[in-house]
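One chain, chain A, appears in both complexes that follow, with chain B as partner in the first and chain C in the second.
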Partner chain A sequence: MNRGSLAKILSMSAVGALALTACGQAGQGGTTSEDGRVQLTMWTHSAGNPAELEVYEQIIDDFNASQDEYEVIEESFPQGAYNDAIVAAAAADDLPCLLDMDGPIVPNWAWAGYIQPLGLPQEITDSLLPTAIGTYQDEIYSAGYWDAALAVLARKSVLEENDIRIPTIDDPWTIDEFDGALDTLQDAGYKTPLDIGAEDSGEWWPYAYSPMLQSAGGDLIDRDTMLSAEGALNGPEAVEFFTWFQEAFEKGWVSSSGTIGNEEFDKGEVALSYTGGWNALPSLEAAGDDLLFLPPPDFGKGPTIGGASWQWGISSTCESPEGARAYLEFSFQDKYVTAFADNQIVIPATEGATEASEYFGPEGDLRPFVELSQEYALLRPETPAYAVISSTFEKAGKDIMNGADVQSTLDGAVAEIDANIQSNDGYGF
Partner chain B sequence: MTTSASIPAPPHAAPEPGTVEAPRRRRIAAARRSEGRSGLAMATPALLLLLLFLVIPVLLAFGLSFTNARLISPNPPRFVGLDNFVRAFTADPTFLRSTLNTFVFALVIVPVQAGLGLLLAVLVNQKVRGVAMFRVIYFVPVVTSIVVVSILWQFMYEQDGLVNSFINTITFGAWQGTAWLNNPSTALGAIIVLSIWQAVGFHMLIWLSGLQTIPEELYEAARMDGATPWQQFTNVTWPGLRSTMVFVLVTITIAALGLFVQVDVMTQGGPVNSTTTLVYHAVRKGYREQETGYGATISLIFFVLVLIVALVQRFLTREKD
Partner chain C sequence: MATVSLTSRPASRTSADRVEHVLRHRRKVWSYVAMSALAVVFLFPLVFMFVSSLKPDAQILGDVGSPRAFLPVGDISLDNYFGVFDRVPVGQFLVNSVLVTVLTVGLGLVVNSMAGFALSRMRWKGRSVVLALVIATLIVPFETIAVPMVYWVAQLPTLVMEGGVLKYDFGWLNSYHVQIVPFIANAFSIFLFTQYFSTIPKSLDEAARIDGAGWFTIYRRIIVPLAGPAFATVAILTFLPAWNQYLWPLMVVQQEELRPVMVGMQYFFQLNTAWGEVMAYTSLITLPVLIVFLSFQRAFVSSVAASGVKG
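On to the complex of A and B.
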């Protein structure tokens, strides 16, 4: 090797580094297209979900054709890598103009300065389901086209055969009734009578099980102050609920193995399934008229289900927020909201879209989910601490499921959450 | 380089003029300089990468571990002194459990995997037909992605999985297995078994290369002295494998202390902290829960522990002349 080739290597690496930097800059919004339009970059988490992407493409095409000032350019990521991509892009100051995000993470990103107040006209945000709106410190930061809801799926014939009362939204199962039903079903030959999806992991845990905790009178955090989980997550109500939760596994009412999704119910291996509306269509096919969508049991303070799904926001670094707003305003038309709902089997966020929906309209097969969402939906705590709360809740829940002492596990979770809130100076509360 | 070894090192400045040896010295000095340059050029890419991905991150981690830096936060990081270290050792039972698990894992893995690797190496070193096939069979898990292996073993470890149905069959139903990964007392053991199965082929290969450097004459001489196979092993094979042994021990120890993928894929540290490890805990705290400062603290403690282990190992395996 001589000096010449060394220089060659160095210059080549320099060129390579420059090329990489150039790539890194490519995502930034605010550039103009050939015909002089302002380009708006848009990221979705929907790669691998053609039903959802199809509607977005339709909206984007319509929007781009409807005016000649802006051009929306969509890029989709797989859900598993999406949040990482956003965090990395934010660290590199390279966020897209428009981005979607899961409802509970909105306060965190708003606090961190990733997104700016949405600024959509009030008549649009007022027309949406309250659970389809993301707020932080009383300011709206995001809005979504839909929400999801959970229900207990059952077969009418099975309940009648075992003399189990069929609950209604006005008169749900009490927890004692529910326990009795599970016992009866177990005696009737169902090895595991209820599928609650405990084999799943991640956000499913707080989404599915923290509403049960809230129904029992506990919560993830003290919502009045948002500064401590003390008393909410480890008070007597929480201990009572988690003791029930632990015993449900010990008695074999529920199980932590099996497949994610609703397959066991569709095959008739379990009698009841606590699951989301997105799983409802295959079950409808399997059980037909026999299928019931029941409210979850009342643990004491009335049934509760989780609210908030994926929503849209505008990044704080967007160079053309008016354009992003124009696009979002355009997109909240009932026809698009209906299209999302019927393509993806999620509850439409506007009343008009709900009426027009094939599945969720007044005569639709999945109408009960709309009622459940209206009656029982509760948002996960709207605090930037939610990222930590979610991870801590999942870990504590799994430990309790596997036999850990309830009180000390919950105390540990509370200490962890409180330490995090403290080290973040209260997250602005 | 043999010639230059006998010559006193020339000063970096030009040699004094007038001496007889000067032209030769100059030539050698020039050759040396050019050699040094090309050596530097060859080392540069590696040094740059090491600097970028090892030295700088370690220094950053050292600095960050005394702050409350967050991954996502509008507030600038603040110096918090030893708070993070105090928190790790007094207020974070998961951290203490992670440390324990990491060392239990290493203490089992290092001797068992090294021993099993040596046994397999001795077996596949025999001169019998079809021995190449066995080498391939033992080596296949090594070239399979550890993520894939973990997912497959996760299915095998289920309550009605392959492992339990196998146990059920060979004991004629007398013994029922558990859901291995969901039971706090078996989960770490299950991960140990899988990890050994996956990596033992690699160390078998290294032992094998060591075995094949031992000259056949030594064995012949030993046989003529009437040594039994066991005596041949203890007096010829084992001493001949010394440097291989040091290498195998060091690589297994480092790999074992860094346990992460199996835990992340199969148990996420559960059930009840029974499989959480230092690296897993650092990732969970520092990245998933966004506490970069605390994650850096855990990494720093991990770094120091590994350093101590490495130094102890180096001391124990030093050449005793």
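On to the complex of A and C.
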């Protein structure tokens, strides 16, 4: 090859590189649009979820049309990849102004410096469900439009046929009653009477099963100090609960196989399903008026369900936090909160939005979820250590499910959590 | 005796030939049976994927565990494919993946073969040390350096077009080139080229140099034409990882219009997974890979045989 053709290759490569360069690059907040408005980049975890994106697009369109100072630009990510994208962006100092996050991770991201105190007017944060607020060290860092709740789904006819008492919020099943009901249903021909979604993974495990542990008197961590899980996760109450949990699998009351979702219940293959409100509509279609939304059983200290879902925060590197707050204030209108709730089948975070909701209003089919949330919801521990608590709890829970020794498994989980807290100097506690 | 001997020998040979023929035939039949069984095993996942992409979720789950899972029976439709196009900009993702993959493979062939040429044909101080260092990088998993790499690419200088004006800026995030450039140089490809080029007689270089050829001419006119199998092997071995990129684009690309197909997979895993759409999407993104493989199957097999790489 002569010098001429080499020069041609090099120049073509340079042009190609420039062309590729021009294809990318967009401001990550702090940039200005052609009409002089400050652009605020906003990341959501909603890619692949057209129902949720539809509401976001409506809010953003309305906000952008409402004033001439700011312009919100939305980028959506698939949920399964979202946290990794945030961590990578934080490493590259490239976080957007506005970002949503799952409630339990808020303290960790606040501690890590990803997000700043929210600074929304108190009248807004006071109007929200307590579980729709994310705090760290008594400071509010996030707020959400909605929360979710778990219930035990059942068919009235099945319970009546088997002489099983129908529990209420005021009079839930005791654990002995619950065990008896599972035995009865198994004897009645249900090979696996209860679906608890054990085939799922990730945050589902602490979200679904740590409330049972708390109902039994244990917990994920000592909430008074947030410095150790000793005694909370491996004390006698925790051991008793996890022994029950292990036996539930051994006896065949529950199973770790099956499909994620509520198909087995909808098809009548299981009699009871411990699941979230987001699965309720297909079950309503399948069971109609026969469907019951029941409170979870009382393991000794009263029923408990998990609280906190996706919420909004402002990154610490946002160059226009006042613009981000203006957007969030605008977005917390009841009409948008209601739209979210009815599109996503989740509980609205404000009273006004709940009253207006088709599903969660006073006459709504899914109203029991609002009552369950108000009565039983408990936040997962608001500590930066929750990230490691969550994964450790899942691992220990799965080991126990598969037959591991309960006490030594829980002791190992406590040691892992405590070591992590110590190596991070107590995460600010 | 002689008569007997003369007549019996051909007779016994014929009989032995027949036995051998029958045995050979049986061996052939059995080998075909074994290969067919293997083909079925390898084809099952693909057949399941394509067939399931035509079924509603409930039927997919209902059919699992029975032969119906592999048969296009029941409520068959293209609804899942329509659902995929509603949920994911699959056309854009495919274009992005094709662009990133073609450029990564193409530029990789040029750069890595040149590096291999320099390491195998040219004599310079520190050559073996450099080769050792290149090979040493093979033991470093990408995951361990991903976050530092994100940090570095976010600091790299670049040119951006703003209002029709080309401006100097920093940061490669959100671009095509951030998905391509870090993967052009590939230690395994360099090693493979180095090894293959070493098998080509050095006398060819010397003859070319006597005729006045420079290093680049020797590389371009002598080595490249003789290294077809190595180029084909490297192309195939770098095509699949480039097409399957997931972690890196997830970390460095935030804009949807620049994402590759693999990141799109996550769009379907919501609270309740749409399995039919997952199967339809995987069918769509597997198709280009299958087409490439089937088109270059002969070259692939011969290059594997020639280069001794079994992937």
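Everything below uses one rule, namely that the second predicted complex is superposed on the first by the 402 of 429 C-alpha atoms of A that agree within 3 Å, B and C clash if a C-alpha of one lies under 4 Å from a C-alpha of the other, contacts with A are read in each partner's own complex, and residues count from 1 in each chain.
Keep in mind that, in the parts below, a contact is a pair of C-beta atoms (placed from the backbone, for glycine too) under 8 Å apart; a residue touches a chain by one contact, two chains touch by 3 or more.
Here the structure is a predicted model, which means the values were calculated and not measured.
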item	value
Partner chain in contact with A:Ala188 - chain B first, chain C second, else both or neither	neither
First (chain B), second (chain C), both or neither touched by A:Asp425	first
Which of chain B and chain C A:Trp43 touches, first, second, both or neither	second
First, second, both or neither for A:Ser76, with chain B first and chain C second	second
First, second, both or neither for A:Asp94, with chain B first and chain C second	second
Shared chain A surface residues [contacts with chain B and with chain C]	1, 6, 87
Sites on chain A touched by chain C in the complex	1, 6, 17-18, 20-26, 28, 34, 43, 47-50, 75-81, 84-85, 87-89, 91-94, 96, 259-261, 263, 276, 278-279
Interfacial residue positions of chain B with respect to chain A in the complex	37-38, 41-42, 45, 68, 70-75, 87, 91, 93, 158-159, 179, 182-184, 268-273, 284, 288-291, 294
Residues on chain C engaged by chain A in the complex (per definition of touch)	58, 61, 86-88, 146-147, 150-151, 153-154, 158-161, 163, 166, 169, 171-178, 180, 216-217, 220, 247, 250-252, 254-256, 258, 263-273
Residues of chain A that touch chain B when the two form their complex	1-3, 5-6, 9, 87, 90, 108-109, 111-114, 201, 256-257, 387-388, 391-392, 395, 398-399, 401-404, 412, 415, 419-420, 423-425
